Amino acid sequence: MRLPRRQHSVLPGFGLTLGFAVVYLSLVALIPMCALFLRARGLGWMGFWSTVTEPRVLAACRLSFGAAFIGATLNAVFGFIVAWTLVRYRFFGRRFIDALIDLPFALPTAVSGIALTTIYAPNGWIGRALEPLGIKAVFTPRGVVIALTFIGLPFVVRTLQPALEDLEADVEEAAASLGASRPQTFRRVIFPAIVPALLTGFALAFARALGEYGSVVFISGNLPGKTEIAPLLIVTQLEQYDYAGATAIAVLLLVISFAMLLLINLLQRWSGRRHLRGM
Amino acid sequence: MWYRHGMKNWRSLAIVGLAVICAVGTAAPARAGKGVTLLNVSYDPTRELYREYNDAFAAHWKQETGQVLTVDQSHGGSGKQARGVIDGLQADIVTLALAYDIDAIASHSKLLAPEWQTRLPHNSAPYTSTIVFLVRKGNPKGIRDWGDLLKPGVEVITPNPKTSGGARWNYLAAWAWALKRELGDLNKLDDPKQAAAVAAAQAKAKAFVGELFKRVPVLDSGARGSTNTFVQRGIGDVLLAWENEAFLAVNELGPDKVDIIVPSLSILAEPTVAVVDANVDAHGTRKVAEAYLQWLYSPTGQRLAAKHFYRPVSVDMVDPALLKRFPALELVTIDQVFGGWKVAQKTHFDDGGVFDAIYAK
Amino acid sequence: MSLRPATAEPRWVRTLLLTITMLFLAAFLVTPLVAVFTEALRKGVAAYFAGFDDPAVRSAIKLTLLTAGIAVPVNVVFGLAAAWSVAKFEFPGKSLLTTLIDLPLAVSPVVSGLIYVLVFGLNGWLGPWLKAHDLQVIFAVPGIVLATVFVTLPFVARELIPLMQEQGTEDEESALTLGASGWQTFWRVTLPNIRWGLLYGVILCNARAMGEFGAVSVVSGHIRGKTNTVPLQVEILYNEYNFVAAFAVASLLAMLALVTLAAKSFIEWRMTSAPASPAVPGDPT
Amino acid sequence: MSITVENIRKSYGAFQALRGVSLDIPDSQITALLGPSGSGKTTLLRIIAGLEKPDEGSGPIRFHHEDVADRRVQERRVGFVFQHYALFKHMTVFENVAFGLRVRPKHERPANDVIDRKVHDLLKLVQLDGMAHRFPSQLSGGQRQRVALARALAVEPRVLLLDEPFGALDARVRKQLRAWIRRLHDEIAITTIFVTHDQDEALEVADRVVVMNEGRVEQAGAPEEVFHDPATEFVMNFLGHVNVFDGRIEDGKVTFASVQIEHPVALESAAGPARVFIRPHELSLHLLPRSDSLPATVTGIHAAGPAVRLTLAAEGDHTFSADISQDVYRALKVAVGAKFWVLPKDLRVFPGGAPDSDRL
């Protein structure tokens, strides 16, 4: 008996369900991913290293990481404000806005990309307003940030909402009764309590943004070294029949994604909760 | 007791595993249905051409053989489509932007014979095209030829030569023009005595093309993406486009918005076609596939090509009224200036090539 | 002047935060949504509906429905199995398993497609074998389904695991002491307890399954009328300068998103406000 | 149905929840498993029910001579009432009670009208007949508890197992339910085991009390027996409030605080440290010194209740409590700061040092 080393429960179906879950996960996800690693192994360590350190790859990764980081940060800041107003304030249209948060999740990324480009292009609704200010939104790294912010928003808001809801009013009242001003209460009582959730949301938005492709290609401009993101580079390599190069970058992204996920799980363990709604 | 329990677990695991394998493995049979079906894997700007040609050929085939023919059509970036075929996209026919992409299929997959290009007339290119400029209505920046693209404040739109066949033609046309400007006569390229002058001209051409691509604000991955960027988004002052794309854009997107400008010199773009041997043999469609490509050279095929703004290879078969739309200009070939696709690809577009150097800084 | 409660912000802070929220959401969420519908209706309602009068569009809708129709149920079964084993039992490697379940969320869609090309492609592991048996996986419906299954794999499981962990095992144990078999316990006790969470997971999974672009694009082959899903068809229409039709078809997906969101709100409302809903569980035995 | 378990062991990783428990549960009585949290009482109950598996090498679990250790929980026919009742939220009270009957295999399943009658009989028994169509969320805690009980009884269990049955209720309802359960048991006379950490509850409801600690049985017996004749320090300490003094045994006498008293245990034991236990009601207050009495000062008075509890301080930093009647309290005019002589009427001596006095 090797599978369940220890079984606390008398509930039936452990072997069946775990077996199914593991076999399914292996067939659908793990084994195909092995193919990726095996193909990249053909390069050897040196080949892998020289591929991922090419200036163009480095530039793409810098952009992907940088834009994902900025997007996730924007989401952390504005997502926090959005979550706060949704949880704390009662105003007209709150339910509608609350429901709308998941839109980036439900809207196909290509449609999002086309729609965002339409709006932020110099002749679009918002782009027209930005143009006189000298701000070019599309076909610049800013465009990448716009797309990635759009994609990541639900992750931050949906992670923060339950955490904010769980904050008990009596803690804040206690702080107030001890003489803390509202900003002090926020800084020293509320904020530390939701930092784990905020970090988790940030990490999820970041991990998702790192791999995003569909919405970005429409809005970024795709200039090598300037506005070309790492996933696009994979596609470009593939279309030049350079499988080894494509898999090398893919492996890099995959490993980073996995590391991000482990980090998220650790964060969640740290914050003592694994409940992420709206995901 | 624990042992028995363990056996049960493993057994259920095995059953589940089989079930999943069955579910996942219900791969679709490659072909089904009555009559005969061809899959034509093509590149982006041929959508309109093949939509009409497929219907015409199917009617012709029915008349000839009584067989009902369906042609499935797949469009995308030329390189992407070639990769699809290499990876198993069941194309009977490929009609791609340039010979290099079909060469890639031959060399990466052994799906078709290396000498495929010799099997049909005119280098296996039943129609040709060239690269022209699309500018804003009234040509406000006064662009007449390649040299004007470097005027201050001019923004150029072109797709990415790494992923778009059309963009490679754009790039090579610009290069050829620069060489011509420096050398005066492109025949000097083959003259060993002029080697020093040629080398100097090549350096000038490189500088010209490098400068040109510095004026590109958006590199879409395909020709259609660039057209949309230029017309829909209003980005850039000039779009480097296939001649047929330029005509189509004017027709579809509004003659009131853009004008076509024909430069003094451009490149003869030869979109090539081929039958994918291994696939037609597996599907039993060789006969119809070969007829499909042959018929492109027929009067109907040539007329349809001309109708959709491709230059027919047999001008005598086509109504002169249609031909009148194609402006005369000096056209150079890739063999003449660049020594063929393989050399051009290696020098300019492969990783570490000249194109990469433009963006390396 | 009334006294402000100790745990509320001054009025101007509230107003400021609300304004920021509205502006931010307007810039990032509302305008894209409005843009889709505006573009789709640019040439009027007739042109909008003409967008659907195309066999390729209809076949794309059919394929999308088929894909979601396969991907969602198998991921529901997987989600239930994974959640049952993770939430109700202790075993070594549990946190690794949950991390692996989450993995497709963070994998680039392009990579998700690529891995199947590497396995099933002509030059992949199984390519030669598949070819020998005249089977087609990628550039055909199975590949599209597989890629979709991969991308949507975590949704149901992610929704159910915390829910089932929260609920504990008392209800199930209780059913067992009353003589119920494993299946009876599952159908009559566990399933009714998690039904709203399950539905929520299904809805999100379905939205993603219908909307996936990147991964499907890599494995589709883009054969008109055969292997194009709705998101791919949107791209194709867009590339054919048929903008009204492109946005009309895209508006279908946007409407799906809106319906999804409405359904989700309804479910959340049910989950929080009406735990004691009457139900007549069917007898599966 | 009597129940016998022998040498039951259970560990969770490094933690040993049960360290070899053997027990006889007599037929048709209420037995209380009493102990602090972590003492293993709930684990034992769940093992008897079949919800947990004992470790390898554990002895048999016999239901009236039949070893059920290998029987699955469904086959053991136990009625189990969970601490938080585990009522099925999506079913009405009626459907909750009928569940055990409805899930039987087709050929054993009673007809609908039989189920109907039976459920209503049970609901009548637990005094909830009018509530059949309510949902659990519409009931009070005490009512839910009774539904859980009726549900457990519906399958005609051979034994009724209750896990902290009053734990989730407020004090008043708890008291009512205790008496009610006792009466109910007298009516249906089914072997019942319940788990509690409240000694009053155990002593009041049970026919037999099993005191558990750290995975072992400390003492099993009738309530009077364990209360008046505790077998171990732990039992003494756990059952009711008790004053503990560290003392010594010397020359057949026990010395603690400033008194020296003769005691039978001291006579039998060798000289050495000892612990002296005196319950507050076993102390009496006197104005004048007597032999064996110790002087102490009143430091606190808690007079709201049937008895008055005094906190006293004796020389040498000894603080202890004493319970006196309201009459005595008024007669002696007790006030904070007053000095009295305190006389132990009874005391228990356990030879040995002071190991873990903070065990409670």
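Here the chain labels run A, B, C and D in written order, and each chain numbers its own residues starting at 1.
The rule we apply is simple: contacts are C-beta pairs under 8 Å (C-beta built on N, C-alpha and C of every residue); 3 or more make two chains touch, one makes a residue touch a chain.
The structure displayed is predicted, hence computed values, not measured ones.
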item	value
Furthest chain, CA centroid comparison against chain A	D
Distance between chain centroids, defined by C-alpha means - chain B, chain C (Å)	36
Distance between chain centroids, defined by C-alpha means - chain A, chain D (Å)	53
Chain A-chain C separation of Cα centroids, rounded to whole Å	16
Chain C: positions in contact with at least two other chains	74, 123-124, 146, 173, 176, 181, 238
Residue numbers of chain B (touch at least two other chains)	24, 86, 108, 232
For chain A, residues that touch 2 or more chains besides their own	3-4, 6-8, 10, 14, 16, 20, 22, 24, 28, 235, 238
Contacting chain pairs - touch in the sense defined above	A-B, A-C, A-D, B-C, C-D
Chain A-touching residues of chain D, taken from the complex the two chains share	12-13, 50-53, 72-73
Chain A contact footprint on chain C (complex, rising order)	6-7, 9-10, 14, 17-18, 20-21, 24-25, 27-33, 35-36, 39, 74, 77-78, 80-82, 84-86, 88-92, 95, 97-111, 114-116, 118-119, 123-125, 146, 149-150, 153-155, 158-159, 161-162, 165-166, 169, 172-173, 176, 181-182, 185-186, 204, 207-208, 210-214, 217-218, 230-232, 234-235, 238, 246-247, 250, 253-254, 256-257, 260-262, 264-265
Touching residues on chain B, where the partner in the complex is chain C	23-24, 26-30, 39, 44, 47, 72-76, 84, 86-90, 108-109, 222, 224-225, 227-228, 232, 248-249, 252-253, 282
Residues of chain C that touch chain B when the two form their complex	74, 117, 120-124, 127, 130-131, 134-142, 146, 221-227, 236, 238-241, 243
Contact set on chain C toward chain D in their complex	170-171, 173-181, 184, 188-189, 192-193, 275-279, 281, 283, 285
